[in-house]
Amino acid sequence: MAPETQDSAARVDGRTPDQLRPVTITRGWLDHAEGSVLVEFGKTRVLCAASFTAGVPRWRKGSGQGWVTAEYAMLPRATNTRSDRESVKGRIGGRTHEISRLVGRSLRAVIDTKALGENTIVLDCDVLQADGGTRTAAITGAYVALADAIENARSQGLVAANAQPLSGSVAAVSVGIVGGRPLLDLCYEEDVTAGTDMNVVMTGDGRYVEVQGTAEGEAFDRALLDGLLDLAAVGCTELTELQRAALAAGT
Amino acid sequence: MAPETQDSAARVDGRTPDQLRPVTITRGWLDHAEGSVLVEFGKTRVLCAASFTAGVPRWRKGSGQGWVTAEYAMLPRATNTRSDRESVKGRIGGRTHEISRLVGRSLRAVIDTKALGENTIVLDCDVLQADGGTRTAAITGAYVALADAIENARSQGLVAANAQPLSGSVAAVSVGIVGGRPLLDLCYEEDVTAGTDMNVVMTGDGRYVEVQGTAEGEAFDRALLDGLLDLAAVGCTELTELQRAALAAGT
Amino acid sequence: MAPETQDSAARVDGRTPDQLRPVTITRGWLDHAEGSVLVEFGKTRVLCAASFTAGVPRWRKGSGQGWVTAEYAMLPRATNTRSDRESVKGRIGGRTHEISRLVGRSLRAVIDTKALGENTIVLDCDVLQADGGTRTAAITGAYVALADAIENARSQGLVAANAQPLSGSVAAVSVGIVGGRPLLDLCYEEDVTAGTDMNVVMTGDGRYVEVQGTAEGEAFDRALLDGLLDLAAVGCTELTELQRAALAAGT
Amino acid sequence: MAPETQDSAARVDGRTPDQLRPVTITRGWLDHAEGSVLVEFGKTRVLCAASFTAGVPRWRKGSGQGWVTAEYAMLPRATNTRSDRESVKGRIGGRTHEISRLVGRSLRAVIDTKALGENTIVLDCDVLQADGGTRTAAITGAYVALADAIENARSQGLVAANAQPLSGSVAAVSVGIVGGRPLLDLCYEEDVTAGTDMNVVMTGDGRYVEVQGTAEGEAFDRALLDGLLDLAAVGCTELTELQRAALAAGT
Amino acid sequence: MAPETQDSAARVDGRTPDQLRPVTITRGWLDHAEGSVLVEFGKTRVLCAASFTAGVPRWRKGSGQGWVTAEYAMLPRATNTRSDRESVKGRIGGRTHEISRLVGRSLRAVIDTKALGENTIVLDCDVLQADGGTRTAAITGAYVALADAIENARSQGLVAANAQPLSGSVAAVSVGIVGGRPLLDLCYEEDVTAGTDMNVVMTGDGRYVEVQGTAEGEAFDRALLDGLLDLAAVGCTELTELQRAALAAGT
Amino acid sequence: MAPETQDSAARVDGRTPDQLRPVTITRGWLDHAEGSVLVEFGKTRVLCAASFTAGVPRWRKGSGQGWVTAEYAMLPRATNTRSDRESVKGRIGGRTHEISRLVGRSLRAVIDTKALGENTIVLDCDVLQADGGTRTAAITGAYVALADAIENARSQGLVAANAQPLSGSVAAVSVGIVGGRPLLDLCYEEDVTAGTDMNVVMTGDGRYVEVQGTAEGEAFDRALLDGLLDLAAVGCTELTELQRAALAAGT
């Protein structure tokens, strides 16, 4: 009898290589925000709040175009051991900066700033609990909060009835090479042992917005890179479907 | 027939003057923290995480005594309009500082640092949504998270089986003078119109840990001060009961 | 013969429980400031400078109302051992923030901002030497500097001849429970051993502006709280008298 | 005769789509540093200094392993219009943080920390003049400075004669989609009009260390992504050759 | 009759060109500090506190040598119009930095660090009121506070009975060219109109420790420079005498 | 035969006491800046970039006068051992502040701000390699970059054809007392052993703009001071000549 091959071995949480963790998207988690979503990728839990305000930053005034930006942060005890607060340290770390910029860019990829008019939407993505994939959960959830904020603004007459500020949808997922094989949506335990870690942001129609792959250990060859890109496409397609379903349901 | 007197007028949310908002205390809201509570006073929602670590800050080493401290913060969109992040501004505001210190002092009032041994517990109180009374909800919830963290540490052998690091319980509530009459547990709408605002922290056996009253408008006389103190005692007694019930239930 | 009871025991500096330290209020200590006072509560020495400027912060422009704010700080060697400068550390500590806010609120309680017109007064309270009660000395002295700055502005025509920007006077004193009994105006040596420490700010007509009591050790009951409030009223009445006398004298 | 197609159109500086700008690698540009390189990609000019010091950061002590890290920065007038200094602003921007981390990770990909022993090498990459591709020039130049610093340390006996701290070489290049076609090594003028911008870091043997692609405008499909990856491989191969030649020559 | 020449014209405050303002040196102005002086040069008023502590900064441990350093600062309302606090701004300005370094260097010029032993003296020079010449008043006063701190330490046995940590005395004065003629000890009104401003620090035996001359307007020639140096020598000699007298008197 | 006297002993690098190191002034080292110079005093290498922008800081608007300012900084590995970046530390050190201010003042001494019109020129002086005398090299090089930036602006019509914003030239050199004798233009090795260190900034016509002398060890007497001033005049005269020659040559 043939020995079990690596590919058929179960993952630490029993998933198949191309299986997402259970994903939930809870809209309207906050009472005040124009759009808000609690998104969960397994134990990873991110609160995404979309704040819509009339007006744009000074450098954009008079352009007729709106602005969308994002801030990502982690609560001190989101992780296994407590981290110091960046507000207490008095400076934002490189990782936080990097992810905030990534989330903002990803959402702007599906925004028609002309159609948005001179309005600003800030997406606050606060990680309440972290178990790998926080930045991809943040992007996936923030898109839904963004869509809600735009509809809310439309209902207030702040966005024209026939304007289409959203030119598409966007979702994100992490993939990585663990023990030599590509896996989808790494949990923390997989993430720390991954030789390569890649975050992929895709539009709902299957194009790339951002591809960020890093060899933590061994450099990787083109074949593995292709495998990771294939897997990410599978994940993003599924997440796009979940976003659509969430938005189709009532809040 | 006599006209309705002011005292019998309903509050903005229909409560009587000495009535708390609906309070819920959800233990074990996080998977990683040694103790964690999502506490709700009406729409006010605070996540309290207790992190237990062996060892104490340098200035306390060799003392045989433990340390308990707290950090309070608000998510940017906890409030009606978005606030800038203190991490982005690069400094912590006076209000945040003040409340963090208040929460820490309040919890230390019921801690026997000798019995705790050279261990540190940090209470992170993050306001996910604010509707008045965030600091009092934080103290009330943090006590429960603290109790859980101590039991967790005991089960790990980090606190002796027969040690009693908690010398009592602590709860807090806000009271204020609105339209001339004392009210218990102000919601945001009441808070902004209150002439005087007072936060009272009490032990489970009815003694005072902290009394902070401020005349926002008119200075207040001794009779009104006495009325506020009476009302606070009513509220803290009730909260103490809710804490006990929460701790008695399984997580 | 009965042994001396605790209540009749002299305090460390020989005072009776309800006795203030020698208080001096020296007006016009600085040549440039519109109002300035060197206030001394025993060895505690605070320099209070009131700076009057036409105009208000941006958020208040066009309101027809003025603004009063305060900043409290301590020289590095005001205390027994040198402290690092907050300017060198690059951030203001929680205690400094807290006291600055307290002083500002206390003075605003007796300001009619409409009568002040669109003018700003900043009160700088710098502790030159600290021996307990620095925040209460700061409030008591700052009130006199504030009154002088307003009269100075009136003489310059910056405040209308018949305007009454001051609606009353304000003074503050500390009280605490040391060795089980309430004492007035704690010096440093008493302060560090106090089980409870309370700062009370009162108007000249005997009403409360701020009550801040903290159990440093044991929680305190209502009877002790009442005793502290009584004592504070005695002290504030006396300080109000000293303020009046100082303002009545020529500079 | 057929009109000239887009693909055959010359680039702004006359290059073909798969052509690098003139690259020069000047070793030993500084007298003090253990390794130093002035690297030029066209008008982009980056000074890379490698500082070798015995010992490692505290968190790595006793591990027997060394550490390599990098800091990237730009002189204020490296660019067309002057930028404020980050030292004057008091904080490092997100972009700087991000690139410093990228350079460090890229170099660590070819370092055998065991063979390096408990020594630290810091790579300072300061952009003296910027014309696109500063981060990829920094990585390409820093690798050569790193190699020199290791040989310098070996000659001082700080690295064992037979140790191989470098497990390979690393080079980087930018690629992008401009006017619909993939181009290699974008200059600034091309970069600002690029719809997609990608930085690729590769080892000397043709494997990927880092792939970072961003759709600045339109999202891109898999075919374009493949085209960019092909182009990057061409560029990195050539840069690897130039690094080898530079290291083979005397300083 | 000849018209009054410029040289015979009285200065704004009636002094002759080579006349100091009234100088007072009040020792023991603070109760806690090991040495403290309130020094006044006319209306300029600087509080100098010398803090003596056993031990030295880490970089000096085991050297057998002590350390002397200084920090200069100005209260916000020391000047005619209020300045923002550097602690609130979160950074120390260039001028403050520069003067702190000057004061420290000047005092170290007369310190025998071997004789001081491994002890540290910090000189805090806080300007309570500014009317020109604050840095020179600070140096002149700080020397006296330093001498007192050393004698205090000797009386505590922290400095050996026969050790001579002070190798001489140091004093400082400003000189400047106003309306074409050299003047001694400029007050603020003179300072702002001075074409050249020079601060000179000299030892008690007439040698130079620091010479800092700056042409605010016109560059100056060697003859004027010589004139300024002569005048400074006159002033420092007189200040040295006043220091001696102050130290000779009882505290 | 008489032994060789100290005065005739060669300096560490073989120069005579009144001899400058080889000085090179390379204009147009950068492509973007309006004026740029790489100045070398021996191994000391400073990149001076002059950025000309229309408009002035807010406090100078409407004055009809321009503004010139400077920022000095050192690359981390300019020196023998690496220094931490000030941008990473989050604050600018005292030395950096001091030198930036010195460079700015020195250049403003030869600027006619009226003739410059409401334009701003920022001089960035970045030390690429340090071997003593970096601030004097910075001033000497920055003057040439400044002159080039003005001519560049004139050619763009931003400065009137007949305006003379430069009222003269400025150069700077260090002098010091090493082993008892005055030496010109100290290299690092001489600088660290110098008992007195002086930086002198002079106009092209031989007048003083700034004289900053500091006794690092022994205080110095008037005769030595005179000797240093003489030597500095020799050096500045020579540097002025080199500046003229550089400006006379084509870029």
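The letters A, B, C, D, E and F name the chains in turn, as written, and every chain counts its residues from 1.
Following the convention adopted for this analysis, a residue touches a chain if its C-beta (ideal position, glycine included) is under 8 Å from a C-beta of that chain, and two chains touch if they have at least 3 such contacts.
Because the structure is a prediction, the values reported are computed rather than measured.
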Practice task
Give me the fewest steps it takes to get from subunit B to subunit F if each step has to go to a chain it touches.
Solution key: 3
Fill in the blank from the handout: Chains adjacent to subunit A and to subunit E under the stated definition are none
Practice task
Report the chain whose mean Cα position is at the greatest distance from that of subunit E.
Solution key: A
Problem - Equivalent-chain rotation between subunit E and subunit C, CA atoms, steps of 5 degrees - result: 180
Problem - Chain copies touching (subunit A, subunit D) - same or different residues, decided at half shared - result: same
Practice task
Going by residue numbers, if over half of the contact pairs line up, that's a repeat, so tell me which of A-D, E-F or C-E repeats A-B.
Solution key: C-E
Completion exercise
When centres are defined as mean Cα positions, the distance from subunit B to subunit C in whole Å is 28
Handout entry: Whole-Å gap separating subunit D and subunit E, where each centre is the average of the chain's CA atoms
Key = 52
Exercise for the section: Could you grab the centroid distance between subunit D and subunit F? Build each centroid from C-alpha atoms only and quote it in angstrom. Expected result: 33
Problem - Two or more partner chains touched - positions in subunit D - result: 90-92
Handout entry: Chains listed in ring sequence, where subunit D comes first and subunit F follows it
Key = D, F, E, C, B, A
Practice task
Name, in rising order, each residue of subunit B that touches subunit C in their complex.
Solution key: 91-95, 97-98, 100-101, 105, 109, 168, 198, 202-203, 206-215, 218-222, 225, 229
Handout entry: subunit C to subunit E touching residues, read off their complex
Key = 30-33, 36, 43, 47, 49, 51, 53, 71, 73, 75-82, 85-88, 90-92, 96, 122, 124, 126, 128-129, 131
